[in-house]
Structure formats: structure tokens, C-alpha cells
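For reference, the structures are reproduced in the following blocks.
Next come two complexes built around subunit A: one with subunit B, the other with subunit C.
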Partner chain A sequence: MTMSEVKVIVRRNRPGTKGAEFCKWPEEPFEEMDSTLAVQQWIQQTIRRDPSNITAILTPPETQDEEVWKYEHLRQFCMELNGLAVKLQSECFPETCNQMTATEQWIFLCAAHKSPKECPAIDYTRHTLDGAACLLNSNKYFPSRVSIRESSLGKLGSVCRRVYRIFSHAYFHHKTLFDDFEASSHLCRRFTSFVMKYNLMSRDNLIVPNMEDGATDAPPAVTETASTPTTTTTTTKVTPVTGNTTESEA
Partner chain B sequence: MRYPGNEEGGTAGSAGGTGNGPGGNKEDSKPRYSIPGILHFIQHEWARFEMERASWELERAELQARIAFLQGERKGQENLKNDLVRRIKMLEYALKQERAKYHKLKFGTDPSNELGKPPDLEPEPPELQTAAGSDEPISSQVSWRQGRQLLRQYLQEIGYTDTIIDVRSNRVRSLLGLEAPEQQAQQENGGSNSENKRPVAEQPRRVPKKSLAEAMMMEAESAVMANFDFLSGGMDVDDDDDMADDLDDVDDDIKQSKRKSRGIADEVDAETEEVLNEFSFLGAEEASAADKTDEWSYSGARADDVSLGELAQLTVNNDADMNMDVTLDKEAFRKTWMAKYTLRSHFDSVRALAFHPVEPVLITASEDHTLKMWNLQKTVSAKKNASLDVEPLYTFRQHSGPVMCLVMSSSGEHVYSASLDGTINAWKVPDCNIDPYDSYDPSILVRTMNDHTDAVHGLSLHSQKSHLLSCSADGTVRLWDPTSKSPLIDTFSSPNDGIPTAVDFVRDEPSHMAVAYNSQVVIYDLESKKQIVRFECDSIGAVNRVVCHPTLSLTVTAHDDRHIRFWDNSTGKMLHAMVAHLDAVTSLALDPHGLYLLSGSHDCSVRVWNVESKQCLQEMTAHRKKFDEAIHDVAFHPSKPFIASAGADGLAKVYV
Partner chain C sequence: MDGDSINSPDRNGISKIRDLIRRQRQESDGGCDESSELDFVYDDADNYTNEISELYSYTEVPEFRKNLAAYDTVMERWGIPLQWQRLSPEVRKSVILRLLNHFELSSKALRAEAARAILYVAQGCWSEVQSEQEQQQWTRYNVTLLLKNGIFQAVVDLLCLEIESGPMAVRKPAVSLADSAELRVIFSILYTIVETIRTKSDDDTEEFEEQRKSFKAEIAQPVRDELLAVKLLNMVIKFCGGSAPHFPIKKVLLLLWKVVLFSLGGTCELRELKTQYRELAGLAPMKEDTLEVSRNMRAASPPASATDLLDAQNERRNIRPLRRSLMKQTSLDESAALDLEMGDQMEEEMKEIEERRAMEESGELPQPPSPRPLTPVPAKNKGLPWTPKVRQKDLDAFLENSRMKFVGFPIQGDRDTLAGLPAPIHEGVKVLKQHIYVSLSEWQMTREEELWRCPLSMQESDTESTAHGVEALYAAMLPNLPQYIIALLKILLAAAPTSKSKSESINIMADVLPEEMPMTVVQSMKLGIDVARHKEIIVKSISAIILLLLKHTKINHVYQFEFISQHLVFANCIPLVLKFFNQNITAYITAKNTIALADFPSCVLGEPPELTPESLELGEPQVYCWRNLFACINLLRILNKLTKWKHSRIMMLVVFKSAPILKRSLRVKQSLLQLYILKLLKMQTKYLGRQWRKANMKTMSAIYQKVRHRLTDDWAYGNDLDARPWDFQAEECALRAAVDRFNSRRYGEPSKILPDFEPVDHCITSVLGRPVHLTNTFREYYEVWLEQEVFKNPVNWDEVLSCPGYF
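Up next is the complex of A and B:
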């Protein structure tokens, strides 16, 4: 990592690179990343170093614009959630999970369609991830990866809320699979810390237990913030069985 | 005057952050040399020199690359020039033979001083055996020459030279099969006509001059003829003269086209036409003149005389011009690729892409573990942006690692992808009008082949059989039949060569494959598993990609050392090597006819090459870097005019 070495290090995966050697190059200090993708590079580099060190992963470099930092992290979450979706494909079938549910209180409707629809859980998962990929890459809402429009910031929260349901569904209905995935990726734990740190979701919505240091157990009543009025990708909910809906974002 | 080291020393001291600061301060008050001051000054200067040296070296390397590239280009130009000169000579000779034959048939005499003369470029003595009816005696040669001189002078005054160059470049253009814009051709020819005509009108008694001018006009007309294929109507001298008078107004397009269609079709026989189409201005002039009826035969011969003299000059003196014309024309009239579609939906580097054989559909594979299918007809137009955004139609999820490579079957029914964890997936390509939010269909994934124990970096699909080759970091190349029950057919490994980096079927010899190792390329027979040819090379850079020509016995390789190399499959000899990019060349693609080569590099650019001339036709800066990677893959559409590039910035771009 010293100055003199940087000149000769070429950070590249050449053809023939072994799987274990992939991206195994010396880390690059953030100040020296002159690419427009520096934040992504930095986040991935930190995750590669130790995926379980969530504090380090979520600590932005000094001088880093917070909005871009949140945006890039969310991209990374959606990308890694593919891993969970792949696992779910082999276990979560429309026959067994014909609705997207976590606890028994809510049925989530898939908003990828013209009129929100009760998709089976696996479709909900795929559609949500596809929708998030489109939204986060949309030239309309996120034309740049170095500065984020004020008006697009609201989208981050709604993406978070939607993709979190994938975690919760996996936790409550495919526990073994979820534990497997979590053990290697620490993704849900990281996601929970992330949304808490940046207030992207209400604490009451974080229903997967023991994900946060000092986390509460499964909350007695699940609450849901009002859906943001986006035209394309809103997930609505069916009437709650118990409890009442509260706005509880800090 | 202050010692400059004071300033420098002070800065260096504070930058170093050691205890040298006080030293610097002390010096400020007392402008004296001091050991720390001098040391800092020297240190600073040394660092500066080192930095400059490094930047010079960088610049030098860049310039060297540029030189090599330009030299390659020059070589190509020279070959083209030599070829043209050779063909001009050939045609001259053929023409003379033809003329002699014609003469003999017509007048029964044998123009002995002309026949059988080898095609040299010196001005030959004028033909004297002209028509019996001609009133010009032999001695007129001298006066004719004078007239020619005068005419030349005159033509020069009125800008004849510029015109001739225009006409000539027009010819070269048609020679190269490039479509000449009609408007320009017309104007050029119109210009030359009106300019040449004026002297005729003003000095009608100078017969030789008139005939030369006429001949030239004829030539210009026949050029138009050749360009536009109007082969009707006869030669009408009077009409033509009238026309030419009118043509003083160069911009009068309507008249020009009228004149053009009247042309001199019947005189321009097939052979002449060929000459006109193919050859230089003077060759054409000669031809058209020679094929005139007896009214023209004398002047035709004269024109011929002139043209030979000038041809010698032109072919010798204007080689450079000619070459320049070729390049300029190529720049101006070749199809230029423009980025039209941006495919954004991947979260990480796009590693590979493949087009559907007929539909405007492509599939991309990314390090975000997914493949996505895109239909270029389903676009979302981005406001105020020329490029169109496309949203993916389908996301293929099964890989649990970065997807490294991708191939599509020639039927467009299946796509094969391989990932860093060693699995190869065979997918059914969904309908290209599928609803992006349809329900999950597990049958899209046809099968998974996971015999490889490490990352798979290359795939190649047989063009007829459904055989698949894969090369992996586990050191093996495997041959598969994805449709059979046990798909693995064979495994190849070469412990001496190490890890294969790229693989391709040899297209003109489908039972062979080309495998690239770190710095070796070997062709194997798939049945006997024997090595056929090992490409001879000393110290070539690591091979990043190998592609085989669809029809020729030719293999092209992309190297880490910025080179693209061309190899003869049968001899294993290197045919050509060129520095093609400013950084490692990562990817190659040949168009279905094997005429154009596409290359992508970590220098962020995509280049289009002419396979035959090895010239770079276009460069496009397409993607941004992530770490030190920029472009991972390029592709040609097998049947539509699309090309695409895959970038480390998570985007794929399609050019039209």
C-alpha cells in the first residue's frame, strides 16, 4: 500500500485467474481511486477484506458525500441479494409460498405490475430485485453515480423497505437457507445496521430478530410506513390483522 | 536575492511532518545556506526529477506505440499503392493491345510500332497511323505538342489541377466500392466540365486543344455514367456544347443530371466501363478517347499521347496524394458506428455479451452473478439524450459467482454461461417479447455442468454441432455436448503450458480448436487430441482472447502487451502484429464475413479494424474504468448492423 508500489500494481482479473485469486489485489487507498466508481470500489474492497466487519464496511471515507455512499451501498445490497434469490429459487415454490409473507400479519402485494398483484413469494423476490435494478440504474432517477438528486433520495427508502421483505420471508419461511446465507454473507446484519444508521427504515419494520447489536426481539406488532407514492414500484399491503399502522420513522 | 532552497526546504519540511520545520523557520529570518535547507532542497529537486522522468517515460511509451501503429498503417498504404500502380500498367497494356486490334480491323493496317510494346510508363511516340480521312499530317506532331503545352498552361490557370484531383479522388472512391455521394460527384464533374469547356468556347480554332478538352469532358461524363448506370442515349456533340455553355453555372444540378442521362452510353463498351470504374483519371480518359468513332479517332490518339505522358507523372509524383485520398475518402465515406443504446441494469462489471442470431436481442453477463436479456426494440427514450435506454426483459439467476463468459447458439434457442465458481449453465432463451415481470419459470435453466473445479474464463460454441468448449483456471479445456445425457465428452490439459486463458473452435476446420495459454497458442485436433500446430512466437504477451476467422485459415489473438496478432493456422507463422491499443487488449470479435475485426481494451476504447488492410477504421471511447479494468467484451450481431461492448462500469453499449 505504499506510494511506490501503487505505480506498478495493475488491479485486473486476467483470463486464467483462479477463483480464489479473483480480485485478490493489494488494496487501494480511497484517496488514490480516481475512478468515478471509487465508492463502489471502496465498498467492495472493504467487504472483501472481511464481510463480517460491518462497522468498517459502513464507515464512509472522510469527505465522502453521504447520499452517494447510501446509494452505492444499496446497489451492493441488491446485488448480493441475488445470492439469496438464487438459493430461494431452489426451495421457495409457488405451491408452498403462494404469497409473499413474513409473519402472518401482512401479505405483500407485488407492485411491479400495473395493478399490484399477489405474486408468489419467489416471483415477488425476483420482481422486486429486477425492479430495484431498473430503478437504481434508471437514467431518470439516478443519472450519475457521483451525485444524487435530492428528488431521487426518497427512492432509496422505498427500495430498502421492499428488499427487506426478502430477508424477512427467507427468515420466517426458509430458516435453514437464510442461516446458511447469513453465515457467509452477513448481509442481513449489515443491511439492518445500514438502514438503522441512515434512518432508511423504521425500526418497527425490522422484524428479523437478533440482527442488530442490542436488537429487539421480534416486535409484537408489525407496523408499516405508508407507501411512498411511486408509480412503478410501490408495494402495498393488505389490511393488518392486528395493530395499527403508524408513521414511526425517526 | 533569496536562496530558493529556503522556500523549498520550508515546504518539504512541513510536508514531511518531521522536526525540520523549525530549521526552515530559522532560515527565513537569516537567509543563509544551512545543511537542512540544502538537504531539503536536494530532496525536493530529486523527487521532482523522478516524477518528471516517470512522466517522460510514460510519454515515450505512448509515442512509441503511436509510431508503431502509424508505421503499420503506412505499410498498408504502400501495399495498396503498389497494387494500384501494377494494375494501371496492366490495363494500359491491355488497352493498347485492344486499340491496335481495333485499328487493324478497321483499316487493315498493323500499327506495328505500338503492338506488343510492354507497358512502360514513358511517353510513347504518338500514333501516326491515324485515319486516312484525317487531314492532320505527321508533322503536326510538333505543333500539336505546342498546343498541348499551351492548353496545359491554360488549364492550370483556370484551376484544372484542382479539378483533376477531385475527379481522381472520386475515382479512387468508386474503386474502393464506397458509395460516393451523388451530389458531390455531380458537382465535381459539373465543375470540371464547365471549366474545361470554357477554353473550347473561347478558342474554337485550336483543334488539338479542343479535342483534349472534349476527351476530358467525355471522361467526366463517362465517370458519371459509370457511377449512375445511365446507359442510354447517344453522343450529341452540339447538344453537349450547348449544355456545356449552360454549365457555366456550376450549381445547376438539374441541367447536369439531364446531360448526364444523355451520356455517351453506346461508346462506352463493357471494357471501357470497367476501366472507368476501376482506374485512374487518365487511364479512363485514354479509354474513352480510344473508343470514339472515326470522327474522334485522331484526337483520341492525341489524348492518349498526352495521357501517357501525364500518367507517368501522376503515377510517380502523386503517389502520396493518391494515398492521402484513399485515407481521406475512407474516413469520410465509411460507415461510422455511433453509440445508440445504453444497457444499464447491472450492478457490477459486465463481463460478456452475445447477440441473438437474427433478432435485435442480446444477452449480457455480469460480475453481479446475473445474465440479462435485452430487446433493442423495447426502448425507453431518455430525454435530451441521443442514446436510448433499454430495460432488461429477463434476468437469469442461478450462478453464485461472477459470470465470466457467455455464448449463444446459432439457432438462438440456447445460451451458455460460465462463472467464476466453475459451473457452466445452459439456458433456454426466453421469448424476446416476454413480460419482464412474468412468473418464474424454472425450466429456463436447462442444465448445469459443474465438472470444472475452478473459474471458467472462456467458452466457444461449434457453429453446426451443439458442441461447446470451455477453458478453466483448473488447467483444463473441456469439450461438451450440452444436449446429451452425460454432457462431458473430453478433457484436455497441457501441464507444460499451464492454465488455458482462451479457446475457440477453428472455423474452417471444425474438428480443430485453438487454445491460448499464457503466452502460447496451440491448435489441437479434437478427435485425436494431438497437437496440430503451435504458433511460433518468441516473447509475446499473455493472450487474453483468441478468435478464429469464419472462412480463412486465420487466427487472431489479443494480448496483454497491447498487441493484436494474426496467425496462419496451417503454418503457425505470425502474419502480422500490431500495437492496437494503449493498454491490454481484452476482447476481439470478427464480423460474420470476417472482413472487420472489433477489439476492446482496458484503455476504455473499442476499435474497428479492416482485417485485410489491418487499418484502424474507427475508435470509440466507450466505458469508464473500475480499478484497472475497462472493457471486457465486444460483439458483432450475426445478421444485423449492431456492435456492442461490455464495460467494467456495469454498462453495455450497442452501436449502430
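Up next is the complex of A and C:
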């Protein structure tokens, strides 16, 4: 232990590392990270420092290639979303949530199959995260983590779109669980800022309320569910059972 | 053709004669002026406007409004102003992303609505534009936008979904347009995107160029482990199998063609590839490009059969009554029956000739400077259009023959020794050597043989096997290739104008026929044109697909080409194409099955047109129909590709009596078309007999003049019919064996090819871990065996160690 502190800092969680000791190594300036995984390392380091400081997390170091930055962040999101998926497994069952819905109007198809089909919410979550992991690690589409192929860029948007539905499902159907998770990770908030910053999704599809920091300057989102007049301005009272129509509010 | 203008009744005699003289001159010049020759430039596809308008059948016209309505509904629901052109780029993007989100909804109605709205955007938001040009600009702009936001991928996903969940749960007696509504929208979006990006235009920005490149890469990538082209081919199979009669087959084929064309490349890329591959193989560069040379060539005129008659008549002038000489001539001709069909036209011509001769005799006619036929006045590019070629094989045969004749014994494998041969032979060998041309195919075959003989010491380099998109496509097509070929040919047969609608095994009309049959005369006229146009477009796309596949595989690896072509032959492609040409091909090429008013986008710009019998005829007059001429040339090229150097298949041409059919097609005055016909005639001339050659001297000289010469090839005079007994079976079987060997070497399981050279497994754990199959008897008597063979046989292990010479 003393040896490594003096000489080299090994930034690695060796087998047998205690939970408390996890990732407990001193920070490193971005310029000194010399591995090919520097961007990921940097992002994780900033998140560890303060997960709620989203601006800091999403601000790339200077001279950072934007496409790689987006890609690395999306990777990170998918990794952290697995945490939400694990939590969901204890509450979201195929019997109770037999369709992937957020607000009740829309049922989404699971795109992970040869031809898209309806899957229960938890299966959708697992399939989509698996699919995203496969895609983002695929040698064919993303052979390098230093530069991203032009033709693969379009894939990022579709991953975002599909992955976001996990947030919205958790929010509208497993509210307490979502709030717990969000309180510690700020993941949904960060994700929302991320897709807005890089324009990867339409603002109107971001239906989890009160997530946009910059929402104040935006016009109130048009409700896509025109048939539901029950939209309330107080979004805090939503219960998982009936919470069906809350749209993002200014 | 100018034959029509001659027939018009209001012409007076003099102008008729002028026409005639002009034609005579053209004939004797070996060419003709531009007005009579078809001003057709062969290309990979027609111009953008036509290619887009051919996507939609005329019965689909009312649906354009539905797209607009869907767009309006969506925009109104979201509270966004309807005017697309006035929206800011951000809002446009946001609309597209929101629509994209709808693609993954489970509700079919919402999905369909979103798809229609996207289609409307892809169509350039036509309700806001004033002109066709503006519509095209907006299409280009919008397509770029759609592509950037990943619409293409999403629509392909949607396609996967729709393929699986068609409306075929309930089988209906008659399938109509309504059954394929969703699929047609999807295909229209995909096709519009592909075609718009593919088409090069002068004002392409660099960014557009970039996007084209990346889209080209994307489209060649498999989606869910399946190439888009293969997915479409599978749809074709399904359609032919009858399990999905609602597939909009025309759109499937059009998209397939454009996807293959775009991802593999057209004429230009093919030429580059060939040059590159020849360079890699260390071969001399190509001598000339067929399309280039033929562009400068002039069409032979007038129609061959009439020409022959003129010749005959010139010889026998004033000897006997004209009519009888005609009869005599045709009776000599194998094509008598066919020519009689054209009797009327010939009679016209005969009359004119008689008239003219009468005038000549009375001195009224300005005499041409010398008696006909004139010696051809050399054109700009003097001499033969092609450099002659010789194959190595031909040189070897020549040497061997000469040696046998003068020396008395052959020297195997020697190409240089000229000892004992007379000087003219030396000269001959020199000339032959100058013109030797090793084709890429020959090189690949030799290489393949080497690879086969030395499987361990020689390895295929990466550039050889995985260089190009066609390799991936071929590998993906390989498992079902015969089915693909059969399905394509089946549809081609059903779409051929000569096939009877009753005998159609598959209904290719599902995506034209409306739900309700037309009531008025104009409506049914329109439907008639629509159906004919539909068939023509199908023929065009299939011919282009097959030709592209053949051309690309031929350059990539000759055995891939041979595999496809062999399946084409087995699926009766040769008689099918001949049957296709056994129609009035001039009429087919000049057919006008187009309603300019109903073409997209004219049909949606401005007021909806009132269709009257007159308005059906409106539009630019055209001398020929681009798509039909294109399809004909493609089919002839396919036929050429299949039969070149294949003795057994050339015999098929003879057996199916192709000569008269092909000769009749020579009437179309287009040099490229004629060139391919002449090539087909040239290869079978030997087998047609002296009589045929005598009666078709004009055609023979056209061949001499226009087709490449092969030195030492006595195509015109050879009578070595008996010398080469043909065995269809043996030749095809040998080829088949070579192709199979190639396929299994390159695409098969490595262990099956060389079982002896598999590495031996040394690892104890893996060897012991392998499941061993024991017989029941052994299991039963296992203990006995143990007792007898193991325990009762004491082994002195020390002896093993002390075994002399072991260590």
C-alpha cells in the first residue's frame, strides 16, 4: 500500500477491494491521463466528485472531440442505467407491467428483436440496455474510441430515444424507486441535460417533468396527449398507479 | 423510326424520295444522320425526375393527399404551424425526432400516420411549392435532414415489423392496392431517400458529398445481421412463394435495384474496380471500354432484313419480277415465317424502291456519284472500333497446329520455340503475341487452381477476398442464391409483355389494381396504361438488378459470376429473354405508357388535373421509351454474359432459334443495342449454316464492322461442327464442380475442406473432456472388459522406462 502511494497510483479496483474503498484514488488532471480510455476515466472522475453538478460533468475538456464526448457519455449512461434496471427488477414484473408504457397512451415496441414487438416493461429495459451495450461496443460501428465514424453517429440518437423510455417508465409507474435512484445518481436529470445539450432528442419527447434545468426559457411543451385534460400543474402528487398524464411543465 | 414518316399519307412523292435517298446515303455511308438514330445514352438509371415518378403508379395518386392530411393532423395536434418552409431548422428537427418516436409505438394507426407525415416531408412538402424544381430542392434538403436524424434506420426497422405483421391473417380472394398501404409508404420513403442521395447533381455541396459517402457505407452494413439488399431479396422470395401476395413488388424491386446500384456502384465504379483488380493481378490495363466505344459507334441502318432484300434486289435488278425475287429470298431465309409477319412494311418499302427505280431510269432522280453500294466513306475514327484480342489458349492452339503441320510433333507448354516453322508462321505468332489479352477471369481461374492445389502454402490475401461490398453481398446471398434467381426470373416472366395473363403463376398487379374497378372509359384507359407501365418498370428493374449482380461478381471473382450465371441458365433465363425479344420490339421500345399529367410531382402541383382522353396523350413527344430501351439492352447484355465462351449455351441460342428473333431486333436503330445483338449473332454464326450466312450478308458485314475481332477465330466461315461435339452436361458439370470447389473453399467450413490438415488437439483436458460415444454392449460388459483387458494384463511400467533407444 505504502509502496504504491509513493511510487505509482494504480487506479484499479482489485478483486477483494472493500466497498468503501471502491474507486478511492486521487484525482488526476485530464492532460495526464494517457490511456485510450482517458475520456471515460475523466467522466467517471467528475461524476464521483459530485454527481449533482451536471454542468461540470457535461462540460468537455478543451480540445475534446465532440463526437467521442457524446459517445463516451452515452456509454456511461447505459452503464449507470443498469443500476436502475437492477432496482426495477424487484418491483416491475411482466405480470404487472406487461407493456412498455410511460403515459398510458403510448405503448412502445421493443426494437431489440428481428422485427420489433411488444415486450413487458422489464424485458424492454433489459433488451434495450443489452442492445445498447452491444451496439456501443460493436467493433463494426464503433471500432475506435478516439474517433467516431460519421456513419455511426446516427445510432446515438436512437439509443438515447430508446433508453429514455426506461426513465419515463420508472417515473410514471415506479415513482418511489425512481426518486430514490434519482436522488443519489441524478441520472435522469443529467440525461435530460445531455440530450438537450446535444440535441439528440426532441424536447417534447422528454416527458419526465422537472428535469430540465434550462426549461424556463423554453415555451411550454405542447401536450401530445390531446385527449387528456387532466394535466395538472402540480406534478409532485403523481402516484405510480394512476400517474398517466403528466407532461413536462415549464 | 423514319419508316413512320414515310408512311404518312400527306407527304408528296418528292419528299418521299428525298427520304429514301437520304436513307440510301446513310446506308452506304455505313452510318446515318442523328435525326433517325435514336438519341439514347445508356446509363445506370434514367434521370432523377423519371426515376422518382416511376415509383408511384397512377392509381396511387389519390394517396398523396393522405400524406398531406397526416402531416397536417400531426402538426395541428402539436400546435406547430403547418408551413414547413417557414419553420426554423430547430423546429423541423424537433418534428422529425417526434415523428421518429412514433415509429416505435405499438399502435398501428399512429405508426402509419407518422410514416405518412415523414413521406410527405420526404416528398418535399409539395403543397407549399410552386414548381417541380422547387419541389426537388426541398426534397433534397429534407432528405438530408431525415438522414441526419436517423430516419432511414428507423424506417428499415419499421419495414421489418410490417413484413412480419402483414394483413394476411385473413386471406382475401383478390389483393388490391389497399392491402399494401403501410408497406408502400415505407418503401416510398426508403426509395426517395436512396434515390435522392444517390443522384449526383451539379450543385452538390461538399457536405452532401460527405453524406453520400457515409450513407453508402451505412447501406452496405447489415442491420440486425441482415443486409438490406438480402432482406429485400427475401421479400421477393416470399412474394413468389405466395405467402405474401400483398407485397408491393414493384417498389421492392425498384428499391432493391437502387440499393444494389448505390452500395456496389454503377458503370463508373465498375470500370475503376476492374482497373484496380487488373492492376492488383499484375495484368495489363484494359484496352477500351465497351460503353465508351459504342457511344461513338453509329447504328446500322436500315433494318437488316430489308437491307438484305435490297442487296438481293440490286444483284438481280431487271432480271425478274421483283415480287418473285422477294419470295425466293425469304424462302431461303430461315426467318421466313417471321419476316412474313412484317410483310406489310416490306411491301411499302418495295413499292418505294420500285418507284425510285422508275424515276432513276427516266433520269428524274439525281444519281448518286457511284453505283451502290458505295465504298464506306471513312468516318472520323477510321478503321475498326476495337483492338483485336487473342487469348493465350488461341495462341497455344495456333502453335500446336503449325507444329503438327510443319514439324510433326507438338511441344507441350512451349510458347517461344519457332524452330522448323516457316517465316509466315513466325510473323503470325508475332502478331498474335502482340494482341494477347489475359482477362481477369482467366487470371482468377488460374489463381483459384493454385490455391486449391496448395491449400497450406498459399493463402488468399485479404485484398483478394474482402475488398468490396459485393463480397459481403455474395456471401449473404449464397445460401439462398438459387431461390433468389428463380424468384426474379419468375417475376420477369410474369411481367414480360408476351406472357399471357392467364398463365401467370404470380399476380404482380396487386400494387396497381385499385379496390374498385374503373367505371368510365377514360378510367379504364388510364388503368390500362398504368398496368403496362407497371410491367415495364418491373422488367427494367429486374434486368438492371441481374446485370449489376453479374457485372460486379464477374470482376470480384469469376466463380461467383459463374455460380449466378449457372443458376440463371438452369432457371431458363436464355429462352426467357429470347421469348421477351420475340415480340414487336420496335413497338415495345417506342411504346408510350406514360401519362405526363399523372406523374409525380406534376399530379400534386397546382390543381388536380382533369383526365380526358386528350389529356392522357399530353406530354413531350418521345421517339423511344427510355426504360424499355434500357431494359432491352440490359437483357441482351445478360444474354451475352451468360453465353460468352460457353459452347453449350451458345448451342442453346441455336436450338431456341434465336437468330431470326435477334435479327428482327436489329431494326431498332441504337448502336449499343445493335452491338449486343451482333455479338450474340456472331457467336452462333458458325452453326447457322451457309444458307443463312449467304442470305444475311449485311448482318455479317455489320458484325465484321462493329464487333471485336478475335484473331484466329473463324466465326464467319468455320464449318467445324463435327469437330466439336457438344456435350451440354459435361461442360456444365465441369464448371459446376469448379464453382462448388471455390464456394466451399472460400465460404464453407474450413474443417470440411481439408480434414487431413486439421490441427491435432494436444490438450489433455480437452481431449478427455470430449464426449465419447460408447456402445450399449460395451456399457453392459464394461466390468468384464475391465477385468479381462486391464486387471488381468499386468503391465511392467519399469520396462517402458528402460526401453532401449526410447530416450
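Remarks
In this text, the second predicted complex is superposed on the first by the 197 of 250 C-alpha atoms of A that agree within 3 Å, B and C clash if a C-alpha of one lies under 4 Å from a C-alpha of the other, contacts with A are read in each partner's own complex, and residues count from 1 in each chain.
Going forward, contacts are C-beta pairs under 8 Å (C-beta built on N, C-alpha and C of every residue); 3 or more make two chains touch, one makes a residue touch a chain.
Keep in mind that this is a model prediction, so the values were computed, not measured.
When the two complexes are overlaid on their common chain A, residue A:M201 makes contact with subunit C while staying clear of subunit B.
Look at A:K140: by the touch rule set out above, it reaches both subunit B and subunit C.
Touch criterion met: A:Q89 reaches subunit B, while subunit C stays clear of it. Looking at the superposed arrangement, the partner reaching more residues of subunit A, out of subunit B and subunit C, is B.
Of the two partner chains placed by superposition, only subunit C is touched by A:S158; subunit B is not.
Touch criterion not met for A:E62: it reaches neither subunit B nor subunit C. In the superposed model, A:E150 makes contact with subunit C only, not with subunit B. In the superposed model, A:F108 lies in contact with subunit C only, and not with subunit B. Judged by the document's definition of touching, subunit A residues 140 lie at the interface with subunit B and also at the interface with subunit C. The part of subunit A that touches subunit B in the complex is made up of residues 7, 10-19, 22, 25, 28, 35-37, 40-41, 75-76, 78-79, 82-83, 85-86, 89, 94, 110, 112-113, 119-120, 122-123, 126-127, 129-131, 133-134, 136-140.
Chain contact summary for the complex, subunit B toward subunit A: residues 54, 342, 344-348, 368-370, 382, 385, 389, 391-392, 395, 397-402, 420-422, 436-437, 439-440, 442, 454-455, 457-458, 473, 498-502, 518, 542, 544-545, 560, 584, 602, 624-629, 648-650. Remark: subunit A residues 99, 106-109, 111, 114-118, 140-141, 149-151, 154-155, 157-158, 161-162, 199, 201-205, 222, 224, 226 touch subunit C in the complex.
Residues of subunit C touching subunit A in their complex: 77-80, 90, 93-98, 100-101, 104-107, 110, 147-150, 152-154, 157-158, 160-161, 163-165, 210, 213-215, 217-218, 221, 224.
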